[in-house]
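First chain written, first letter: the chains are A, B and C, and each begins at residue 1.
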Amino acid sequence: MKEKILLNILHEVQDREGYLSEKSLKEISKKYDIPISKLYSVATFYTMLRIKEQGKYVIELCGSPSCVLNKSREIEKFLEKELKIEIGETSKDGLFSVYKTSCIGCCDEAPAMLINGEPYTKLTVKRVKEILGELRKNANT
Amino acid sequence: MRISVDGKRLEVDGEKTILEICKGLGIKIPTLCYHKSLFPEARCRLCLVDLDGKLVTACSTKAGEGSEIITDSKRVLKARRRNMELMNPGANISELSDDFEAREIYEQVGLDNERFKPIKNYLPELGAALVRDNNKCINCGRCVQVCEKIQAISAVDFASRAHNEHVTPYNEKHLSEIACIKCGQCLINCPVGAISERSHLKEVIKALENPKKHVVAQTAPSIRAALGELFDMEAGTLVTGKMVTALRKCGFDKVFDVDLGADITIMEESAELLKRIKKGGPFPMITTCCPSWILMMEHFYPELIPNMSTCKSPHEMLGMLIKTYYAEKAKVNPKDIVVVSIMPCVAKKFESTRPELNTEVDYVLTTRELGRLIKQKKIDFVNLEEQDFDPTLGIASGAGDIFGNAGGVMEAALRTGYEVATGKRLKSVEFGSLRNFEGIKTGSIKLGDKTIRYACANGGANIRKLLKDKDKYHFMEMMVCPGGCVGGGGQPIYFDEDVLKLRSKALYEQDSKKELRRSHENPIVKEIYKKYLGKPLSRKAERLLHTRYRKRDGF
Amino acid sequence: MQILRETKLEGLKLARKIGRERVLEVLSEKRLIGRGGAGFSVAKKWEIALGVKAKERYVICNADEGEPGTFKDKFILKNNSETMIEGLLIAAYVLGAKRCFIYLRGEYDYLRGELEEKVREVLKESKMKVSIEIVRGAGAYICGEETAILQSMMGNRGNAMYKPPRPTVSGLWGKPTVLNNVETLTCVPQALVYEDWNPDYRLFSISGDVSHPGVYEWELGIKMSTILEVVKPKEKLKAMSFGCFGGIMPVKKNLSISQDTLCKNDCQHGAFSIIFIGERHNVVDICLSIAKFYTYESCGKCTPCREGTIRLVNLLKKIKNRDADEGDVKLLKEFAEHIQETSLCGLGQSCGNHILTSLKHFRKDYREYIK
């Protein structure tokens, strides 16, 4: 039998359910005969795997030096103020979870962030405000 | 292969790691994460040595032809100290009790500076058997490896990464909420005491100080073979008599022998086996002395519940008899009796909280806790005179003594089972095939025209392995700790498996020196059955000495 | 750009025609070395894996570039992934591998759909009986390290392991495994097909305080003045950081970018990522941002890296907050050196470079903050 790639299994579940719930971890554990402690261990090692329910939009703001040189800290502060949360939290309306990542490889278009995996580059506070507005609108329709 | 170590040229085995080579040369290299029976992950990085000008971890590195190793240069010593300084400033290793390896390593490395503040901030977990404090943890990973590889339970693993990396059950649950079998092998392998037993010492001392209480100690078979180590006596020294004297000096009113409980267990268990042979099953019948095995079965193999013997464990049986038979006999109100079991085990602490047992055991102390109590009372243990157990419940057969060894329960059961079933006398009561240090031992014996096949496993992984073949056997003994109770989670911390062999040998010696080596010939056992219980599996015996089990969640 | 030249499966065809021995010879003659930073000969690496007796061998394309300031593999994945896939197939052919993998970093997951499409197309056209599976990384920089990537693929935490055994000898599931990154594998068919293929061309990722950041292809030894003419500084430049690992040094116009010249400045080119830092910045601030990267991405296994990187961050914060004295700077240096000296893998062994080089070249910036 071909060895299964656990990371892909975990991603698939997360794609479907938004995060890796205790229930899903138990199911994966049974199905693939992997101790649940190990699944939790692996899931918490990787920052893009989540073990808690996430906002509808997961924002990952790049924290690389290239982005810092291009004022990503202003974006960070704006996001925290606008969404009334700190990095690592989910907004009260359940729409946004915000994280900081090491580098998303958009250094030539800094500052940048990923929203649900899609890159948004050359950010300014004004542009982030617009993006959030659009996402809010989309979420309501 | 020729290399040089600290300037000395020598011929060495190229397959050995630098750590092993140095150990052979008598050079002590400090390490906290290395363990002989585990994979060297090279996490702690205290075992640094200079290999041809580069600092490498001795535990994970092999030398090459002609290489030069320096183990004690200024650079090496300083690098070790820096890692010690970083390791966990909150752990206060300097205040650690002598029980743990880190104490000695700490002194060897010699911390010269403490320039960092602790960054860990975890809530300690207080369980019925184990206490876990991640603030003391140095992330050596031995508990994780033991739990996964030796015990095949995987109750804990690392979570998160970088400075947030920590050991935890899944989803940050407590050990008490998950399928942890509380064997305490994590504790035995923890170098810094981040995992410790739930102590009952305070409660016991309080009872001892209360003049209205009649406090009774009962000691498990394997305590006498290990307690001496806590007082720097050689491993494998039998200290039965000193132990009894020490307990009396600590203030216990009576000191009884769980080995007698073991004899009674054998009476019940062998009767149960013979009954099943008559009835035709269910087979295999499986022993129930090990509370961690019971937990393992309930969590992971609940389908085996009908296979389990219904016998309570020896100290639970004796505890019950102390508050019934003995209380009647000594005319003491059972309510005033406090039963304290001295056990090699942390799971026994959990066991006495099981409602199914209607336990009469009030507190459980580990061997280490007893050691602490004796030290607190400033008793000069090594030079104590030797006294005997209190005779009412203090005479045991050699069969009871060997319960502390993996394979011992099986051997004891076979001695009695054979002789009761066949009416013949065994020529030799020693079963050689059960006395080696293998993880799985098997054999067969003829009972009349029936061949009874038996098997024993010790260590969780071996139990899982043996269970795959369970249908081949009629009778199985399961001990979760490697080596059986001599290697229990409540025993003195040991660093070398040879220690277990010495402890085990001591118990076999105690057995071989006795005239009385068969449980069914123990005069006290005979008296208890004659005057109190009737016969094995009588209604009274069933009510007092037997129990039941339940299915538990597999996660 | 040389890296964008397409080979349209000509490389694979040629490889099958001339046979695996000859492929190795050609790659060796053409001086193709790995572009991951270690600079090991590709032919040599494949030969070692080939020399190990085994029923199965694996080839992995390491598409987990993640060092801040580096984005050249993304550029290839976006613009010439067919050639990269062809390189993977050539490796599979030479090694007799039946199962290949592309470990794609989680941050590039949006490129996955198109990449899967390309994999299907190229595989179909090549008629090779191999599988190419995409492994979805999940945000762990350390998994770019060759032992960590294997752990990650085998369903473990992405912890770095000590060597030996090397992956080429005992890698994925204990089998000989060849790991090459995106740029290296793209070069393979190009080196085979094109007579004029130049082994000294490198992809540079340029970012920071310049008007034209992006991916450029230059020859080793290129002069800084030439680079600056192209990328156009937005302001007077104070410093340049070679990714996160390579160290920070002043921008010298007459410097040529090669291993030797950079070594003289205690720096390394690594993956040829240059982050330019303008005069208005204090280098300590950039160091703090780099230090945070390490303390976020350390796998946590080794004591010095797990416990040390966070201490470096705390010390740099203290300096930045103007709370520190010379003693703290001394401590910073001592532990930057110590962590590098006693850690297991490349991450820990270079996590102090930015501090040590900035202390050497930009002491003034530190003094500005010191009490």
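What we mean here is this: a contact is a pair of C-beta atoms (placed from the backbone, for glycine too) under 8 Å apart; a residue touches a chain by one contact, two chains touch by 3 or more.
Values in this document were obtained by computation on a predicted structure and should not be read as measured data.
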Chain whose Cα centroid lies nearest the overall Cα centroid: B
Interface with more contacting C-beta pairs, comparing A-C to B-C: A-C
Computed distance of Cα centres, subunit B from subunit A, in Å: 45
Centre distance in Å when subunit A and subunit C are each reduced to the mean of their C-alpha atoms: 24
Centre-of-Cα separation between subunit C and subunit B, whole angstrom: 49
Sites on subunit C at which at least two other chains make contact: 140, 157, 296-297, 299
Numbers and ranges of subunit B residues touching at least 2 other chains: 158, 160-161
Residue numbers of subunit A (touch at least two other chains): 38, 41, 45
Subunit A partner contacts - residues on subunit B that touch it in the complex: 148, 154-161, 168-171, 555
Sites on subunit A touched by subunit B in the complex: 22, 25-26, 29, 35-41, 44-45, 51
Subunit C to subunit B touching residues, read off their complex: 140, 157, 162, 295-304, 306-311, 331, 334-335, 338, 341-344
Sites on subunit B touched by subunit C in the complex: 41-46, 48, 55, 57, 60-61, 79, 82-83, 86-88, 115-116, 119, 138-139, 158, 160-165
Footprint of subunit C on subunit A - complex, ascending: 2-8, 10-11, 34, 38, 41-42, 45-49, 60, 63-66, 68-69, 101-110, 114, 117-119
